[in-house]
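Got a structure here, written out as structure tokens. Questions coming.
By letter and in written order, the chains are A, B, C, D, E and F; residue numbering begins at 1 in each of them.
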Amino acid sequence: MAGLSHFDAEGHAHMVDVSDKPQTARSATAEGHVIMAPGTLDHVLQGTAKKGDVLGVARLAGIMGAKKTAELIPLCHPLPITKIALELAPDPGLPGVRVTATVRTAGQTGVEMEALTAVSTACLTLYDMLKAVEKGMEIGGIRLLVKEGGKSGRYEAAP
Amino acid sequence: MAGLSHFDAEGHAHMVDVSDKPQTARSATAEGHVIMAPGTLDHVLQGTAKKGDVLGVARLAGIMGAKKTAELIPLCHPLPITKIALELAPDPGLPGVRVTATVRTAGQTGVEMEALTAVSTACLTLYDMLKAVEKGMEIGGIRLLVKEGGKSGRYEAAP
Amino acid sequence: MAGLSHFDAEGHAHMVDVSDKPQTARSATAEGHVIMAPGTLDHVLQGTAKKGDVLGVARLAGIMGAKKTAELIPLCHPLPITKIALELAPDPGLPGVRVTATVRTAGQTGVEMEALTAVSTACLTLYDMLKAVEKGMEIGGIRLLVKEGGKSGRYEAAP
Amino acid sequence: MAGLSHFDAEGHAHMVDVSDKPQTARSATAEGHVIMAPGTLDHVLQGTAKKGDVLGVARLAGIMGAKKTAELIPLCHPLPITKIALELAPDPGLPGVRVTATVRTAGQTGVEMEALTAVSTACLTLYDMLKAVEKGMEIGGIRLLVKEGGKSGRYEAAP
Amino acid sequence: MAGLSHFDAEGHAHMVDVSDKPQTARSATAEGHVIMAPGTLDHVLQGTAKKGDVLGVARLAGIMGAKKTAELIPLCHPLPITKIALELAPDPGLPGVRVTATVRTAGQTGVEMEALTAVSTACLTLYDMLKAVEKGMEIGGIRLLVKEGGKSGRYEAAP
Amino acid sequence: MAGLSHFDAEGHAHMVDVSDKPQTARSATAEGHVIMAPGTLDHVLQGTAKKGDVLGVARLAGIMGAKKTAELIPLCHPLPITKIALELAPDPGLPGVRVTATVRTAGQTGVEMEALTAVSTACLTLYDMLKAVEKGMEIGGIRLLVKEGGKSGRYEAAP
């Protein structure tokens, strides 16, 4: 199965050998969103302004989630992450909240999964905090935006 | 902030007190999907048939991810989960893979977050295994389908 | 060694057998504080009012730390915690921040360690967030205030 | 909020970017203590001499706790720790047990939090093992003693 | 595949639904051993008598390992363990160390895996502590001795 | 106690200081097996061929278990693992399944424990998945086969 590096010649899953790759600076940015009813978004907006910091809790969950990537994704390499930052922007046009995460490392493999896991964990946490007022929210649009470093070089998502 | 049970009267995040809730049977089913290019889906389909079991790895990751829900989602209660099952169905119409997860417990609070975390972790794992052939995949449609048990009773998503 | 229930007759550490204890409602409240320079406390106070929510991050760390108690304390029983709440109060008189945590469960053993671990983790997180401006802060006064439920009944600390 | 590096310009928590810092040898030593009744300390002293190694269990908990620092403290960087050592000294003058921890790494950020977490976890474990004989023990005096390496250089606590 | 309850009718792995099983008292005892050279065993025996408590460290690792069973074994249910005890007996006849672990719970499924994981983790820790003097040690004889409780009743290994 | 590097001069357990060791390429291979009745092995063989992939689940558990080594083994250093691969070979001659694991890193200390933990976790998972048809299986023969890199150089087990 040419291309699927997570399987060996016999089709057995393994953690890819990156021992001989150089340690280079790597970064990845991913995005996603939670779509909700306008009234649910009002709870987020009120909280940010005054009390009940929904976005702050989700941001922290995303940061801590990124550090758990190698525990969650079976074939991911453990990496010494050097930066994690998330932006959570309420967007009345969705309506909902847009989440962007950037992760950096100096390692032998990329941090796409860390960035995607940060976004995904932040979105799940938003759902958790808001589910008392709306169960029909939907998490979507989770994708890699930019990836830099490593042999394969820069990747940028189509707009 | 009426409605957001995860914050107290002063807007401080806390883990909601469920001490006085009865232990009842509870279940939740959630869904999501990963959209990919047709050629990427071919890798999944070949693997299932012959070697390199992409869906099997993602299914197991989803099961193990559900058990980590209370570690990932800051205000979730730890729960003695009694069942976790995932279905991963390749869908050429997306094209991509559809993921459904069902979780059960006998506890004092629901398992929506466990089901959503199972789906989310399985989708992230699919991305991880297939990213060598396509970086532009998108994870979406993550939502609660059905929830049963507890005081608030049955919830079913609009179709 | 009469009294030390964590060791058997031969002095070997073990996790005490609570199998035959009834499941009863239990709660525990613990406190602690971080002493800092007045100028460091100003950073906390400004942050709470305007931006950089130091107390919010420490509160969340305390909640998540409480859920890790059985992983951290070797002979602690894993427990289905039903409530965790922390209060973090800036106190110019210390000067510093006072932390109080209350934990509840319906279980076969108490939650003193969960409450103490919540306080301890919140204090460590305060230190982490403020150490860029002061390394000489001191964490202290970590003790059990109240414990209820179980065979040994109510315990209240001397004032 | 000048000085609080864990928050960005908008006051949002993030994990500080250390990508461009050089890897240097770093070490940190922290201390703390548990104050207890003289009779409780006798249990510790007897155990050390003969059976029921209270100090040995707490030492091991401290070592394992240090390895969990990046999981417990939300904005801590995961680090490849190269040394952890704890000393636990019964002190009839307190009366109680004094705990000192030294941690080393070759990394891009310091290990103060690892040393403080080791001390804190060892103190909590002492409390856990001795609480059957005394609930009124108090954990305190947790502070950084020495820190070496990194751009900010050597820090030594006032005596 | 009649008999393998961890797979559904289509052969997909899942966590077996135990929701409708009653909560009953359950216990399991497992054993195992590490075979080593007589000179290596001397290190263990000296340590136990005087300093460097190899058996104490391995015992604690076994207790903590049992609490990690549901994280390690993909399809295991998380369980509120009520007792964990390990015996580590030097046996010059092997020569080596024999390990026995007993685990109890009041739950909907058995604790065989917890007992086996405790034994296995203690044996690995013995290996770790002694590998500086002998790399050729062998871990073996890991098996279930007794299991009680649950619908399938008592199981006792052939002698 | 000359030789036991995990204890200091006073016999206290510590995590050995490897700060001054160079980072070198290191690898380790370990093996083990699960002995079972021929009829139980048939379940494994059928599953591999058709459905219910017992070996695939155990392989993944071994990979994920290796990443947990520093959490399980108290005095192990956390390491940035660069490769994990397991082979699981049904052997009618045992009868049972033979497990081999290879782990690589570029670090300051070896990966013997990671390889042994991978084997041990895979064996425990095999037991878990097959225990519904046979409780009398035995895990054994867990030993280090080869170790390369580091000051102590190459180690190869006697055949």
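The criterion applied here is as follows: a contact is a pair of C-beta atoms (placed from the backbone, for glycine too) under 8 Å apart; a residue touches a chain by one contact, two chains touch by 3 or more.
In this text, all values refer to a predicted model and were calculated from it rather than measured experimentally.
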item: Contact-graph separation of subunit A and subunit F, given in steps at minimum; value: 1
item: Farthest-lying chain, centroid of Cα atoms versus that of subunit C; value: F
item: Reference subunit B; chain at largest CA-centroid distance; value: D
item: Pair sharing more residue contacts (C-beta pairs) when B-F is set against A-B; value: A-B
item: Interface residue overlap between copies subunit B and subunit C, same or different (over half shared); value: different
item: Subunit A on subunit E, rotation in degrees - Cα superposition, rounded to nearest 5; value: 180
item: Centre-of-Cα separation between subunit D and subunit B, whole angstrom; value: 37
item: CA centroid of subunit C to CA centroid of subunit D, Å; value: 15
item: Separation of mean Cα positions, subunit E and subunit D [Å, integer]; value: 30
item: Residue list for subunit E, restricted to those that touch at least two other chains; value: 12-13, 53, 56-57, 60, 64, 68, 71, 74-75, 78, 80
item: Touching pairs - complete list by chain label; value: A-B, A-C, A-D, A-F, B-C, B-E, B-F, C-D, C-E, D-E, D-F, E-F
item: In the complex, subunit A residues that touch subunit B; value: 1, 3-7, 10-13, 32, 43, 46-47, 50-54, 57, 60-61, 64-65, 68, 71-76, 112-113, 116-117, 120-121, 123-125, 127-133, 135-144, 147, 155, 157-158
item: Residue ranges of subunit D touching subunit A (in the complex, touch as defined); value: 8, 12-19, 70-71, 74-75, 77-80, 107-108
item: Interfacial residue positions of subunit E with respect to subunit D in the complex; value: 53, 56-57, 60, 64
item: Parts of subunit A lying in touch with subunit D, wherever the complex brings them together; value: 25, 27, 56, 59-60, 63-64, 67-68, 78-87, 104-106
